[in-house]
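Just dropping this structure here.
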Amino acid sequence: MTQVLFYLILGVCLWALGLYGLLRLKESIRRIISVNIMGSGVFMVMVALAARSEDPDPVMHALVVTGLVVAISATAFALRLSVADVQEDDQ
Amino acid sequence: MTAALIALLLPLFTALCLLLLRSRSGVLVIVTSLLTLLAAAWSLYDVTVNGPQWLELGDWPPPLAIRFQLQPITALLLVFSAMIHLLVAVYAAGSQHSKTRYTDFWPLSCLLQGSLNALWLSGDLFNWYVTLELLGLAAVALVALSGRKAYGPALNYLLLSLGASLVYLLGVALAYGRYGVLDISLLGAMTEADTTTRIAWWLMTLGLMLKAALWPFHLWLPRAHASAPTAVSALLSALVVKGPLFILWRLWSEGAPTELAVEAGPVLAVAGIAALILGGWSALRTPWLKSLVAYSTVAQLGYALMALGLLMYWQLPALDAALWLFVLAHGLAKASMFLAAGELQASLGSKRVSALRGTTETMPVAMFAFAVAGGSLIGLPPSGGFLAKWLLLEPMFETVNHWPWVVGILLGTLISAGYVFRVVALAFDRADPVPPDFSPDRFAHWLALLPALVVWGLALISEPLIHWLTGVPL
Amino acid sequence: MSLHEWMLDGTLGLLVLILAVAVLHVRSLYISIVLFIAFGLLLALIWARLGAPDLALAEAAIGAGLTGTLLLAAYGRVSERRRKAEEPLDWHAGPALLLSLIIAVILMRAVWPLPDLDSALVPAVADQMAQSGVGHPVTAVLLSFRAWDTLLELLVLLLAFMAVRQLLPSLPRQPEAWPLLQAWSRLLAPLSVLIGGYLLWRGSADPGGAFQAGALLAAGAILLRLTGLLPALGWHHFWIRALILGGCMVFLAIGVAGYWLGTGFLGYADGWAGPLILLIEVFATLSIATTLTLLVIGETREVRE
Amino acid sequence: MIILATVLLLTVLFGLWRVLRGPTAADRLLAIQLFGTTGAAFLLVLAMLVDIRALRDAALVIALLAAVLSAALVQYLRRQEKSN
Amino acid sequence: MGMTVITPLLYWLSWIFLLLSAGFFIAGTVGMLRFPDIYSRLHAVTKADTLGLGLLVIGLSLRADDLYSVGIMILIWLLVMGSGATACQLLARYGRESEGDTEADDVAS
């Protein structure tokens, strides 16, 4: 039960929790939050994989940075879409 | 390889210039689509002459760098997506009814084409994740163009697409964890069938099936495509759903070990048949014209899924040709069907199928385009659809115990004939009195007819087509 | 794992799980957003624990900072009805819960053999580092070895911004900020610009880089805009457009120039790698900062010609 | 040294209880301030522990970010109070 | 840890400071849990934790290898001190301002 395995399992649990939230919740802001949690789960798996070798694997770190930027741009779009969806007053 | 690179970078540059100049002129986009088509055609010629080529980005050695791979099938897909883009750009600029003229449709469609070309060329698992994300965001942005009524389905499409990308990404992480390499062709040499690989491949498959709206995960597609503007739904149905299918094909035919592929083949084939039957059934029952066409997309993708499943199950590379002919034929037919349906709906002013009564009188050309495209979807003899179905059926005739697959295809053809003739039969009734502001757009009708005729012409060039797709020498 | 390390990782893991479950199951939307911001900050600590300082920076700046501001901006605009809609998420029932549990167990089996394998790319990066023109391996991977990923990622950011522009956002009236808040943001914004520049400069030799620096600059600009010290930024200003598109354009131009000069698409001539990468990073930082700022606060209803 | 890091995390854990139960909205924002300070402390201890110099920059960024975030959120939420 | 540089005296001195800072962090959290209203809780979090961080910085800088990291740590401490004080004032004012109309809203949850 090394540290890497512990964080791998933790990442998988976060990913499953996010998936569960995405399937179950109805309020769109909460679903966006659960997609973010799912993303953090995958990133934790990737960083744990990177931590296997003595000096951490730079490719995985670069991929997670890319994933983070992709996640925030998708979240920004989804949030603005969910807000614009209900704005009856101003349109 | 330079031609393919030009076909990839040209749309990206145009999109950036359009944004910088804040111009919304369709002419610039049409010219670029034409140039991209020429570049793609040149790359097709280049690849048929001196064979497949690789381009390591930045000249780094293989395991590290991302590699662009130019195969005959990739060049053909580049030509196919450039053709569809050119058609839709001309429609969006030319037709009166298209609502997308004064919006950001132009840079978004250029970015869509750029990301699709990047997807066809790339061979790296994580690079595919980024291109899929780019594709998904562009598609949702285009769906959201048609105003407030499209925000709900667009948001649902976006969230499911993000979830599917993360399912795919977890598969990629596990595959990288297990083999330490991201390039698909290098992976192909290293993979062996153990639990981690099986789970990683199934995760990637589930993520991609949701993004390609394949059968069990297709529920978001009809609402998203029906509420999108006509030009956008044509783009989405013909091109965007094909990207993930291409990755699925590369994953299973190139990346996965054979016993894993043989084990997963029947599951995908059965899902294909289910897509055919259930997709067709909902297309038969839906009262709305555009969601009928959208459901038919789900059904037709069942053919492609079945071809992929059988390809893996019997390890028969000849079925590649069937799979990609289905994709090409369906893309062309669906583009013309959506343009025709959009025109019919815009001129008659009603979304229902029942409003199409007597359109052969009022709008003969649009209805003819719809019927011809429907013919190719069913697979009537000289069309591209028939060619693909024939190639799919050929290996099944060898042994008698393949009969369940043949019955599946038969049922699928019956149901697709059902929902196409449901519309065409209605069109031959007596026309209701025409609404006062009835102004059919002749130019758009002829434009919708063009791809339908091209798909029927596929049979004429079937010999070189099959040669390109299977790599069998002429 | 020694007992001490075991205790530390156990607490971190417990904390992150409690936060994640609380975020999904707490009734009021407001609390779940604030807890999610805390979750982001905690993730930054976990990345630091797992030996990834770049990610700690990026997660703190992007994950907690900007996502938190975005969520609360959305919460601010959501109508009263949705804010009160308590979402009782009951634990016991639900096939989705069962499905997720089964998937989690299957995934644990898949993950079990992974820790003792290692990746072929780590030695590959190590011996290619010399030609990459940059000292820090992560920046080398981001901007030399996998430059195409980074370029596509800049396009994803640009695409998200273009998509948001279609939705004609409207920001409710802005109450006058307190003088203390204005004074404080006058101090914080230059500090974040300073630290952002510092991170960008160090990016080539130590953890840091375009994305973390861009996110920090964006946080500073958002604060200035919120407290009314910055004029309304809109897409109709040419310099805003030039800033946003600058990142992608420079990157593409250098890539194509590389291909034309024969060092391969997105390849840098051997002597030129360092300065070229720095040039790309500067433009990318400015483009990311402007795009993220406008994503969070883009509120001008620009005129449709 | 590790014990100190764990103690810091435990203080955060108990602090969360107040954030969950806290009556007023301002209590919730305490979480960000709490995480900012304790997070920076944790990172400094970790930087000494595993001897990665870059973690000190991360601590600086977290501290700065907590400040920027709580200022921005107060302004956002105030505006929300103002508008309804 | 940079054992080579520091003498045993400095080692024990830094342990004292570290324990003190842990004590203040714990005090801050206990204050946050036990105090009756928002304003006193604000002080608990901002003031106690900042002092805790200050002692931590002193303790760690005794062990630090070079002046650069000491400089960074002191900068962090100054930043946290400033942000603690301002955030405390902002949140208190926000708590008061929102006390009027949203009291009912939050007590329910």
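In order of appearance the chains are A, B, C, D and E, and numbering begins at 1 in each one.
The criterion applied here is as follows: contacts are C-beta pairs under 8 Å (C-beta built on N, C-alpha and C of every residue); 3 or more make two chains touch, one makes a residue touch a chain.
Values in this document were obtained by computation on a predicted structure and should not be read as measured data.
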Co-neighbours of chain C and chain A - touch as defined: B
Most remote chain, CA-based centroid, reference being chain B: E
Dominant chain pairing [most C-beta pairs in contact]: A-C
Geometric centre distance via CA averages, chain B-chain A, whole Å: 28
Centre-of-Cα separation between chain D and chain A, whole angstrom: 20
Numbers and ranges of chain D residues touching at least 2 other chains: 25, 29, 36, 53, 57, 60, 64, 66-67, 71, 74, 77-78
Touching two or more other chains - residues of chain C: 5, 31, 51, 54, 73, 75, 107, 111, 114, 117-119, 121, 125, 145-146, 149, 153, 156, 159-160, 163, 167, 181, 184, 191
Numbers and ranges of chain A residues touching at least 2 other chains: 15, 18-19, 32, 45, 49, 59-60, 63, 66, 70, 73-74, 77, 81-82, 84, 91
Complete list of chain pairs which touch one another: A-B, A-C, B-C, C-D, C-E, D-E
Chain E-facing residues of chain D, complex: 1, 4, 7-8, 11, 14-15, 17-18, 22-27, 29-30, 33-34, 36-38, 40-41, 44-45, 47-49, 51, 53, 56-57, 59-60, 63-64, 66-67, 70-71, 74, 77-78, 81
Chain B-touching residues of chain C, taken from the complex the two chains share: 106-107, 109-111, 113-114, 117-121, 124-125, 128, 144-149, 152-153, 155-156, 158-160, 162-163, 165-167, 235-236, 241-242, 245, 248-249, 252, 256, 258-259, 263-268, 304-305
Touching residues on chain C, where the partner in the complex is chain E: 27-28, 31, 86, 178, 180-181, 184, 187, 191
Residue numbers on chain A that touch chain C, as the complex places them: 1-10, 12-21, 23-27, 29-30, 32-34, 36-37, 40, 43-45, 47-53, 55-66, 68-77, 79-84, 86-88, 90-91
Residue ranges of chain E touching chain D (in the complex, touch as defined): 1, 18, 21-22, 25-26, 28-29, 32-33, 38, 41-42, 45-46, 49-50, 52-53, 56-57, 60, 63-64, 69, 72-73, 75-76, 79-80, 82-84, 86-87, 90-92, 94-95, 97-99, 101-103, 106-107
